[in-house]
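Consider the two complexes below, in which subunit A is the common component and subunit B and subunit C are the respective partners.
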Partner chain A sequence: MKWLKNPKWVALLFIMPLEVLLNLIGMFPFVVAIYLSFTNWTPVTGNWWEASIVGPQNYIKMLFDANFIRSIFLTAGIVGFCVTIEFLLGLLLAFLFLEDLLGKKILTSLAILPMMFIPAVTGYVFYVAFQSSGPLNVTLSLVLGTDIQLRWLRDPMLSFLGIVITDVWQWTPFMFLVLFSGLLALPPDPINAARILGGSGWQTFRDVQLPMLKPVIIVALLLRAIEAFKMFDIVYIITMGGPGYATQTLSLYLYEEGFKYLKMAYVAAEGLAIMLLVAIICWYAAKPLLRRTAA
Partner chain B sequence: MTTEKVSRRNWLEIAGGTIVGLAVGAGAATLIKPPAVTPTPTPCPTPTPCPTGVPEGIPVVGDTATERALNAAKEVAKRDNVPSGFELTVLVGSAMAQSHEDSRALWESRTGVKLKFASVPSEELYDKAVSESVTKTGMYDVLHIEPYMVGEFAPGKLLRDVTDWARKYDPRLHGPPDGYVYPYDWQICYFRNRVYGLATDADTAFIMCRKDLFDDPKEQENFESQYGYPLKYPTLWTEYRDIAEFFHRPPDLYGTLESRDYWGYWSWFMRHAATKWPVVYPWDDDVNANVNNETGYLATEQYVEATKFMHPDVIKLGYGEELDIMGKGKAAMAIFPASAAKFTNNPELSQVVGKIDVPPWVPGNMVDTPDGKKLLWKSIQGGGFIVTVSNYSKYPELAYLYIQFYASPENIVTDSVAAGSWLDPCRYNQMGPDADPRQVKASGRPVLLASPYVIQHAVPLTPLVASHEYFARLQKNLQDCIIGVLSVQDAMAKTEKEWNEITDRVGREEQKKTWLAYKPWYG
Partner chain C sequence: MMPVFWLVSMSIKDPTTWYEPSLLPAKPTLDNYLWLISREYRARFSAHIAAGVETMWTPFINSLINAGLGTILSVLAGLSAAYAMSRYKTGGTFLPFFILTLRMLPPITVIIPITVLFSFLGLYDTNLGMILLYALFGLPFVVLLMKSFFDEIPVEIDEAAMMDGYSPLGAFYKIITPMVKPGLVVTLLFVFIINWSDFIGALLLTQFNAYTIPVYLAKISRGAFGTLYGLLSALGVIATVPLIIVGYLIQRHLVRGLTFGAIKRG
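Now for the complex of A and B:
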């Protein structure tokens, strides 16, 4: 047992049980999901390990499932709008906070406060705000001087907009924090040199700061896009995917198909397909970062 | 080869992590194996009595269902050596939690068995039941769920067949003076001729009208001059629509209120059933959808038209929020279950106490019959709630005795009048001219007097497997119709397609057994 005297082997021996356990917790459900995706199992028909194998039937079916395809495009639309608006607002805030503001510390705390709320609480607050007699319509009526009765919860487009507004309110601070940190970490010499050489603020930002900030921007956009893609809480509480299917995001769709309609095997197949799709997109999106690292 | 020494700190860290990992792993291993399922007795056709599948020995003592349950529970707890720290766990929707709480003192003092209530939002009861059906943890002894879920979980073995215990301990299932109102005794408590639970609630749709508005001479005069007939409680869906339009004066008053969210399919079924003489079924005998036709279109048109005269957020409003609107006097009419009357009759919560009348009918249609035109109206037995025993409970007989106690004729009034309770009257002693005084005080006489008549005209929500999906698909298509995404015809065509897909997926023969058993209840 000479190898026992080797500290590396001893260390390996001690961490092996935990490694095995973690892999079991992480990998076992994943392997079961792959198995289930080739069956027709539902929770009320018996044990999952006794389910009938149906081959790639679930994968073929999802290609023609209008609800599934609609939820993907809807979610992509929400992600596109939310992440874009959050990025622009976050960048604007980040630049504002680069200046010396009065009460900067308090303002910074206030700026990141929305991010601290539990999404379910945020969802409920905005659900109340979006009621036809709620504070949002009342405020708009006061500002515009006429009675505004926007049907946030009943009109498909307004429901969509309501979800975007809620998400932007809550997660712009995240973008602000990441971009602000990135801007602070930029080396000052190139920026000062650009200014000395007569560059305007916009030119300095576009030609000097933005290229240097690119890796931070990619990371911020990727992280936020992945999180937005999984959006569930606020949609569940504000609209429950309605009216009709107007705001049924992918997460909500999978939840309903799996837990309300018990199509667990089908949802397993859809989940794996989505995971693959997102992984490919993220890999392409992160390529510039990988190229930079290699360089 | 170089070797690195492991420092004492590193060694302690590694050892500590290993111990924690082993402990967690050991704990996880005990959870992986599901507990054994208690086999249920073989179903048998009525009226041949089944052999008793439960051990004898516990005497049946007591003149009432409550006494029999409490006395037996004490003996069962002794026989089964139920430990003193054991808590009988009840999965319950938040709207019913208080009713269990109000029953706790009597149960615990008489039996010595503690209770624990796992309260969740009522809309999530199904999800919890699904989880338990898969995990089989036995964490719930009693499940207080909706009757349409029995079709899902009785075949799936989550719910225990309690027929033998019901025969032994007699929960007063049938007949006056205190049994369940016919036909709810059969519709709710039985599934394929076996008892799977005891009803605690029977959501029957009533029309509730603001008496003060309908009796106002000015309103009467204006209505008649505008519509050409006297203002009265509507007997036709067309009259209902006209009256709703007449009284629709937002934001202070809305014409009517109905559910258009999660439970919105309710009032579609009651319209659909009354579109053709003698009744219209949602499925044919082969469980093919019967909605993509003139009867489906008419029901949907009436459903969508009425929505125009409701609160603008009605698509998202929950039952509690709608009760609040009614309680503030902001609705001229409503189609609600009887539990709404408890809210509107409560001076602490309502500004319309004494102003709500409940006629002993709901709107219908004039339909062609062999004898000419006749009025056809149908209410809906829209689910309600039922207490059931989990097949994975460690002490199933004790759990059964709790549900018999909770749903007994003597205790059910306590459940129904509990603060915030959504439980509607479902036993003979809770309705009619001789209703329990506590029920009368809580619900008011109008709805209790109307109940026996309206219940006889109610069509059931059939507990098919995947009922939840049938209703949810219909509800979403109806919402799409309300917001103009789908036409009436497209909504019904889509519903037909989706329903038929569900039937094919679940198994047509299986669905036929349940559907053909419930079809006669449609009248």
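Now for the complex of A and C:
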């Protein structure tokens, strides 16, 4: 058993289950998707393994596809807004919960509650809420004293805002929890040292804790952004693409192309292109993370 | 918090008041819940929906099994991998990133090939198949999150532990892992939530045996006269309960102070 002490072997042993699982299930669909993207297969033309290869025309076609490009930018915009707001709110909450609050356990349960809803259910709830005569307008009217009759789902801007609101409501707890547990895992010595050396509360947070938190922050942002990019349930249920195409996110667009128009091969190509795009962006974003930050 | 109230209030309204923007229904009713739970209570709603649809127990239990075991499997496989990546840089800079790309693929793109693969392996509409799928989907989360939490802890602690006589494995189990416990339970919760709410995977890869709550939700909310908000909300509330329970259970571990006294710096 001596070899167990050798770090290299131990590392290999650790990785083994992961590798097996990945290769078994992950590779196959990926490879098939790549294959499909070079064909012009649709389900009506027969079996997919008999589809004829037509070269990279799918990839060329998608570069000129206005709907595709628009949905990318739209989705990027939504993700940008959502993730930023969620991050800031989550960070705020995380620091708040570091203090000793009254009824902390209950507050924590309440704070993470929105995340526990099945997205489809959240979608329905907010769908009802955004109706012209729905609870949201009623509440706003009560709070602001005047009669608010915003037509959330008829106006492109408001629909966009509505989606952002829904996503922020549902996923801020994610940011909160990740950042909070990140804060908890920080070794206390540097923080105490900074306090003793005279740093104010805010300074300590900014110059000591935030930098140490960097790996966790980057991961949280990355994970949330990648998930938000695939946002489907909420948009499908609340706006179904919005008035016209105002909120047609990427997933919605792919869904329409794939399941309504049955252009599966095209969807495969687009999906892979998106993945490549996102991968490149994340690669640059995650670079500081991949260096080990242990001091 | 308002939406939570809206959801609960919708779930106790009877069909005539579903569209009212009121918080407290005039005549609250538990009909929606009862419809979901038992067959005998179906008669009330037969005008609205097919009474032949099953009760919620099958999807509920399936959700628990698929999501629960899938999550546990993810965490087991990913935890050690994350540690290896953090400490020994296994797979260099590429592997963690490659794992992340697993989640970047829009599900629509790969769902058909996965269906084919599953039926080929005999995993279609089985709990085992779903568990494996959810384990796979959860891996990127587990690995990335846990790796970043491991990265937060300086290597000196590992070294100190090993100087005290622990083997690398021992150091991993006994010293480091408890230190990231908040991160671990949070990761567990997330992956569980993600798997619990999965819709597309369950929709296309299950039929009668292994289908889960989100699919069931979609099935029951189509009524002859429109969306059945009451049932939908009731199911939504019920579906949230296990998550709340897990969330509550992990609270004990979201405690600071596990690092106190771990090192005595000179």
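The working rule: the second predicted complex is superposed on the first by the 267 of 295 C-alpha atoms of A that agree within 3 Å, B and C clash if a C-alpha of one lies under 4 Å from a C-alpha of the other, contacts with A are read in each partner's own complex, and residues count from 1 in each chain.
Note that a contact is a pair of C-beta atoms (placed from the backbone, for glycine too) under 8 Å apart; a residue touches a chain by one contact, two chains touch by 3 or more.
Because the structure is a prediction, the values reported are computed rather than measured.
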item	value
Partner chain in contact with A:Q57 - subunit B first, subunit C second, else both or neither	neither
Which of subunit B and subunit C A:D155 touches, first, second, both or neither	first
Dominant toucher of subunit A (residue count), subunit B or subunit C	C
Which superposed partner A:V44 touches (first subunit B, second subunit C, both, neither)	first
Touched partner set for A:L262, first subunit B, second subunit C, both or neither	first
Touching partner for A:A286 - first (subunit B), second (subunit C), both, neither	second
Which of subunit B and subunit C A:T108 touches, first, second, both or neither	second
Touching partner for A:L250 - first (subunit B), second (subunit C), both, neither	second
Set of subunit A residues, in rising order, touched by both subunit B and subunit C	7-8, 10-11, 14-15, 17-18, 21, 24-25, 48, 131, 133, 259
Touching residues on subunit A, where the partner in the complex is subunit C	4-5, 7-8, 10-15, 17-18, 21-22, 24-26, 28-30, 32-33, 36, 48, 98, 105, 108-110, 112-122, 124-126, 128-129, 131, 133-135, 137-139, 169, 174, 177-178, 180-189, 212-213, 215-216, 218-219, 222-223, 226-227, 229-230, 232-233, 250-251, 254-255, 258-259, 264, 267-268, 270-272, 274-275, 278-279, 282-283, 286, 289-290, 292-295
Contacting residues of subunit B [partner subunit A, same complex]	3-6, 10, 14-15, 17-18, 20-22, 24-25, 28, 126-127, 130, 133-134, 152-153, 155-156, 158, 251, 261-262, 311-316, 465-466, 468-469, 472, 476-477, 479-480, 482-483, 485-486
In the complex with subunit A, residue positions of subunit C that touch it	1-4, 6-7, 10, 19, 21, 23, 76-78, 80-81, 83-84, 86-91, 93, 96-97, 99-114, 116-117, 132-133, 135-136, 139-141, 143-145, 147-149, 151-155, 167-169, 179-180, 182-183, 185-186, 189-190, 193, 196-197, 199-200, 213-214, 217-218, 221, 227, 229, 232-233, 235-236, 239-240, 243-244, 247-248, 251, 254-256, 258-260, 262-263, 265
Subunit B contact footprint on subunit A (complex, rising order)	6-8, 10-11, 14-15, 17-18, 20-21, 24-25, 43-45, 48, 127, 131-133, 149, 151, 153-156, 239-240, 242-246, 256, 259-262
